[in-house]
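When the chains are written out, they are named A, B, C and D in that same order, and each has its own residue count from 1.
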Amino acid sequence: MMTDFGYTTWILIIPFITFLLLSFFGMRLKGLPAGITGTSALGVVALLSWYTAITYFTGGGIADGGFQKIVAANAVWLNLSDHLHIDMGVLLDPISVMMLVVISTVSLMVHIYSLGYMKGEKGFERYYAFLSLFTFSMMGLVVATNIFQMYIFWELVGVSSYLLIGFYYDRPSAVAASKKAFIVTRFADMGFLVGILILSFTTKTFDFVTLTDINGPAIASKGGAVFMGMSLMTWSMIFIFMGGAGKSAMFPLHIWLPDAMEGPTPVSALIHAATMVVAGVYLVARMFPVYYFTAPEALHIIAWVGAISSLFAAIIALTQTDIKRVLAYSTISQIGYMIFSLGVSGYGGHDGLGFMASNWHLFNHAMFKALLFLGAGSVIHAVHSNDMKDMGGLRRYMPVTNITFLIACLTIAGVPPLSGFFSKDEILTAALHHNKLLFAIEYAVAGLTAFYMFRLYFSVFHGHDRHYHHTPHESPATMTVPLIILAFGSVFAGFLPFSRLVTSDGAPFESHIEWSVAIPSVAIGLLGIGLAWVMYRKETALPDRVASFFSHGYRWAYNKFYIDEVYIFITKKIIFRRISQPVAWFDRHIVDGTMNGIAYVTQSVSSMIKGLQSGQLQKYGYVFITGVIALAIVFIYLVK
Amino acid sequence: MNSGIPLEFYLVLATVMFFTGVYGFLTRRNLITMLMSVELILNSVNINFMAFNRYLFPGKLEGHFFSLFVIAVAAAEAAVAIAIIINIYRRFTTINVEDVNQMKY
Amino acid sequence: MEAKQIMFAIFAIVIVVFSVLTVTSRRILRAAVSLLMVLIATAGLYFLLNYQFMAAVQITLYAGGIVVLIIFSILLTSQISHKFERIETKKAIFSALAAIAGAVVVITTILNHSFSADTVAAAEIDMHVIGRSLLETGPDGYVLPFEVISVLLVAAMIGAIVIAKKGSPHKDEPAK
Amino acid sequence: MNILTWLVIIPLLTITGILLVKDARQTKIVSAIGMGIQLIVAFVIVFMYVNLRKSGNTDEMVLMSSFEWFKSLNIYYTVGVDGISVAMIALTSLVVFAGVFASWEMEDLKKEFFISLILLSTGVFGFFISLDLFTMFLFYEVAVIPMYILIGIWGSGPKEYSAMKLTLMLMGGSALLMVGLFGIYFNSAPDGGELTFNILEISKVTIPIEAQRWFFPFTFVGFGVLGALFPLHTWSPDGHSSAPTAVSMLHAGVLMKLGGYGAFRVAMFLMPEAAAEMAWIFIILTTISVVYGAFGAIVQKDLKYINAYSSVSHCGMVLFAVLMMNKTAMTGAVIQMISHGLMTALFFALIGMIYGRTHTRMINEMGGLMKVIPFLGVAYVIAGLASLGLPGLSGFVAEMNIFFGAFEHPETFYRVATIIAVSSIVITAVYILRVVAILLLGPIRDNHFVGLGDAKWYEKLSLVTLITGIVYIGMAPLGLSSLIRESLIPIIDKLL
């Protein structure tokens, strides 16, 4: 007997009400009370989420020897056609419950942290309203019972992200970044929508339970009709993944994420590191059976996109000097890992190792990446700069930040027994079983990751002091407590029995550390750390020498492989100059010109005719009489 | 009794009169003479009516009365027209039709 | 040739000649007098047709009323001695052509058509009959057109007076 | 008296009231009261309709009444509503109500302005309730003609030119339409019997296909001109940019809907066979409209031009959906009409209000207005988000119905067109965000703007009315969509 999870709808309702309250009455609350309102509401949501997770994993969700998909609530929101209807509801299964925990926890941490970080900012209440909106949307996304509900909340997280990136709306760079983020993801969402269109056309349903049922009609259809060499389902799945790639900032749709760092740092931690950007991973995980059984080509593409993104972003991260941008590229790289891992996964039991590992990594990543960002925020809060060149030797001033940041760096580098080690090990194991080349790429990325993270760590917290405007100091407790909590999470999440909780088919399996993979990966991680130690522990000329050795490569990586420039070329030069302006010109001059031309011709003809209207009575009379005579002749003699 | 004069004679005479009137209407530049041409035209029509009545429907009076009414209308028309002409003369100090062309366009 | 035919010939010649004079004379008073002659000759035609009443109306109303009206207006607006300039040749030719063409068309049509009766009893119409049918309401009565004409005449008279009244009413008002 | 007739009578009474009052203030109050009553009546009609349906009334049209007014040609004043018309009536009353408050500060000739405005709305209401083609056409003209006066007198910029262009193009459309309507009339009794203008009666017969082939294009294009069908949309940018605020609101918000509404209530419903045959031509044109309007909007600098092109794109979507001839797409078309009506009215109201403060409509002369006029700024962002189809606001519901409906079409050509149309959501996002970024965000461009006052109470009332509509449809679309869906059944049955 499964437990009634009807109360989970409150997980959605509470943040939404908070959002409404704060947007309508936030102005009256003036600052801190608004923040506390938002935070306490989120506290309730977090409690509910944890309670749900514990109930679910300890028996509430188990039946027939596996975790079941439970539809806790569902109501028709809109009828699209006789067989398609959009529902709003709550679907609980291992991944959605896991995501609930991740989102509510990180969100709560960020809420608390922001009480200190955003203190005194103008628009404090607006900030909390947007955070609540985001939490609502993200929760709605993960508990979606059908792909369309997911799309709806997908768009909503997009807009909350837009609003939060553009929080400092009088800063042109923030405005541009928010616009870019929205448009790029919107472009990807168009793919998502087209994917859904094709999907619903072939399967006649949006419902996840029906879609992912491996004996269900969607999977049994084996892909539907063939269009341009691939089955419709494959097309659909590729398009849907395009949406996921946009949200998760996969190459080549990643360009918005580094710019999105213009938003307040806690927002970057919440949205652009821990939760929203993994929506793409979540989407693929959600649809995984459909991918695996009907569109293996799509899964193959996913694996490559993930691998390329992770490598590519890691290389760029090596060269960046803005602390948040390094973290942003690191995020892309780590999400690439997760996506990749899904791409190489099989289905069911131990074959689904990649699936499990991906979700595990998602979970761990949320913890340590949020920690990194919040730590970076703490540093930025202290030195009022984003640039690594303005930082150094901070370990003396900010002990808590230093230690938690170090833990996070060790975690991401995959040092045992921290959580990152376990999930990364599983991912590499899954990769090794799948494709050696992909494995090699990801193996290299593991080393690069360790290197660039410690490059960051050493140059911020070690080295000697810079000229600070005022002596840096440790952040207030509202900021350090979340850091400590997240650090605990990062350390101990590796001991969760993930393979018994989150699996591709719901049935638990035993996973163990594959030492043949683990030892080399730890080794390359340590090598990276060591290299960073040598190059950045003390300030030496070594980094510059290395950079000049790879001069061309360095410049390309530093300029992010000029992808931004390509986009600017496409948007400014092609879309604005070559399409829109000609269209506007064409409309004004050709289409409208034709209309005006017709008017002009009419007018000139009429001005010709008006000459006949001379006012000369006798001319009229003459015309009249000759006309009558002519008509008389015609009708009497010609027409008989 | 009228055997000596066929109906066609009247009709042809009226036609000639009519088109003389038309010619006058088209060529005269003085408004009063144009009015006189119109009177000619009306008159020719009256002749037709009377002749038709007498020759074709001798027992009836339609043509007769129609002519009578035409004469009445002609009288009214002449009165109004002359009033207008006098007014035009006051305003433009001419009754030349070609100079009175303010109504064009 | 019977007397009637001679009379008709005379009237016809008078009508044609004076019609032409009416429309061509370069002195306006002469034109008016020619018109008078045409109208009188027309009255003669009515006598020939045995419509004495109409002939009388023609003479009193047309010849007596309208022509006098015209002459008055001539006196008001023109100088008697004024001679019109010649008509533009082009205009004259084209107008004449149109008129002749029209006449030819009509006349040929008339001559091609055979009318059912060309001899009739030339009974004179009794004045009583005319008077009665003018005021009768039955199928042969003409009271409606009669009334309409009356109204028209009144309207025309009032209109003529208003139009011909000198100046605008505003100007006539004395300044307060 | 039939309650629908009140929709025509109340505006006329209001006009009479305006004629009787003395000064501008009273004029405003009378108009506001009149249109307020109109709003209430409209919603009473909606509730009456819903209750009738609940009580099991399945007539095609309800609340019908008929009155003969021209016997020899069989012309009747026949009124009646179904779910689609009541939805349109509700929309119209909302927009008119908001329009009255948006022109609260109209300066010259206030009385005449309100009279023309309300006369226009009379035509629109009459159009939506008519079931007799001739009466419908009559009201259509009543709605179009005052536009000329309103733009020509109270407009801005090259107002005479714009008024002339708009009126002439719409009149050209009416001319085509009239041919089409007469074509329908004279073929309304193919088996002999009496000719009729009554839509319901005509729908029961099949107009001969040869006649349909002739008159469908006339009717469809005739309505299409008003619905901004490419390439007959060019009156829209000029007309809208010159028109005063309330007129733009009413015109883009309601009058353009007459085109879409007429296109399916008359052209598609009465001549379905020809519609099916010729749909592909118009699908091409409307797909062009959708994408082209959006691209055209990207580079515009005048706020009203941006909105006018955006209207071309959105109204193109309406006709596009209508031509797909299935329930989902047509539901989407109707929702899109309502959604676009509210949204674009909101846009024009805001543009008018911003213009009233900054005295410019050029976006590059403005910037950072969010700081000084936050209420208007937020409203603008909401309108923008609705326009780019954000879930939770009305545009999304409409677009999803359209896309999914259109994609159900069995022919690949139509599905490809759908995917092209889908791309407009990205382009829309581009131009909306561009405007929002330049106009509202960033630093304040000009020091003159610092002291601007935020919305006054009547402006807020106007905006909130419209936003409420947008949010309601966006959040809880089920009621509206089922209202429309069930009314579409007879139409769809006829089409298939």
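Note that in this section contacts are C-beta pairs under 8 Å (C-beta built on N, C-alpha and C of every residue); 3 or more make two chains touch, one makes a residue touch a chain.
Just so we're clear, the structure is a prediction, and the values are computed from it rather than from any experiment.
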### Task
Could you name the chain whose Cα mean is nearest to the mean of all protein Cα atoms here?
D
#### Entry: More contacts between chains, A-B or B-C
B-C
### Approximate Å spacing (C-alpha centroids) for the pair chain B, chain C
5
### Query
Distance-wise, how many Å sit between the C-alpha centres of chain B and chain D, to the nearest whole number?
60
### Task
Report the inter-chain centroid distance for chain A and chain B in whole angstrom, where each centroid is the mean of the CA atoms.
94
#### Entry: Separation of mean Cα positions, chain D and chain C [Å, integer]
64
## Note on the structure
Multi-chain touching residues of chain B, meaning two or more other chains, are 22, 26-27, 29
### Task
Among the residues of chain C, pick out those that touch two or more other chains and give their numbers.
91, 95, 98-99, 102, 106
### Contacting chain pairs - touch in the sense defined above
A-B, A-C, A-D, B-C
### For the chain A and chain D complex, residues of the former touching the latter
76-82, 84, 86, 148, 151-153, 155-156, 159, 166, 169-172, 175-176, 178-179, 182-183, 186-187, 189-190, 193-194, 197-198, 200-201, 575-576, 579-581, 583-584, 587, 591-592, 594-596, 599
### Query
Any idea which chain B residues touch chain A in the complex?
22, 25-27, 29, 34, 97-98, 100-105
### Task
Provide the residue numbers of chain C that touch chain A in the complex, in ascending order.
91, 94-95, 98-99, 101-102, 105-106, 109
## Note on the structure
Counting only contacts in the complex, chain A reaches chain B at residues 610, 613-618, 621-622, 625
### Task
Quick one: which bits of chain A touch chain C in the complex? Just the residue numbers, please.
618, 622, 625-626, 628-629, 632-633, 636
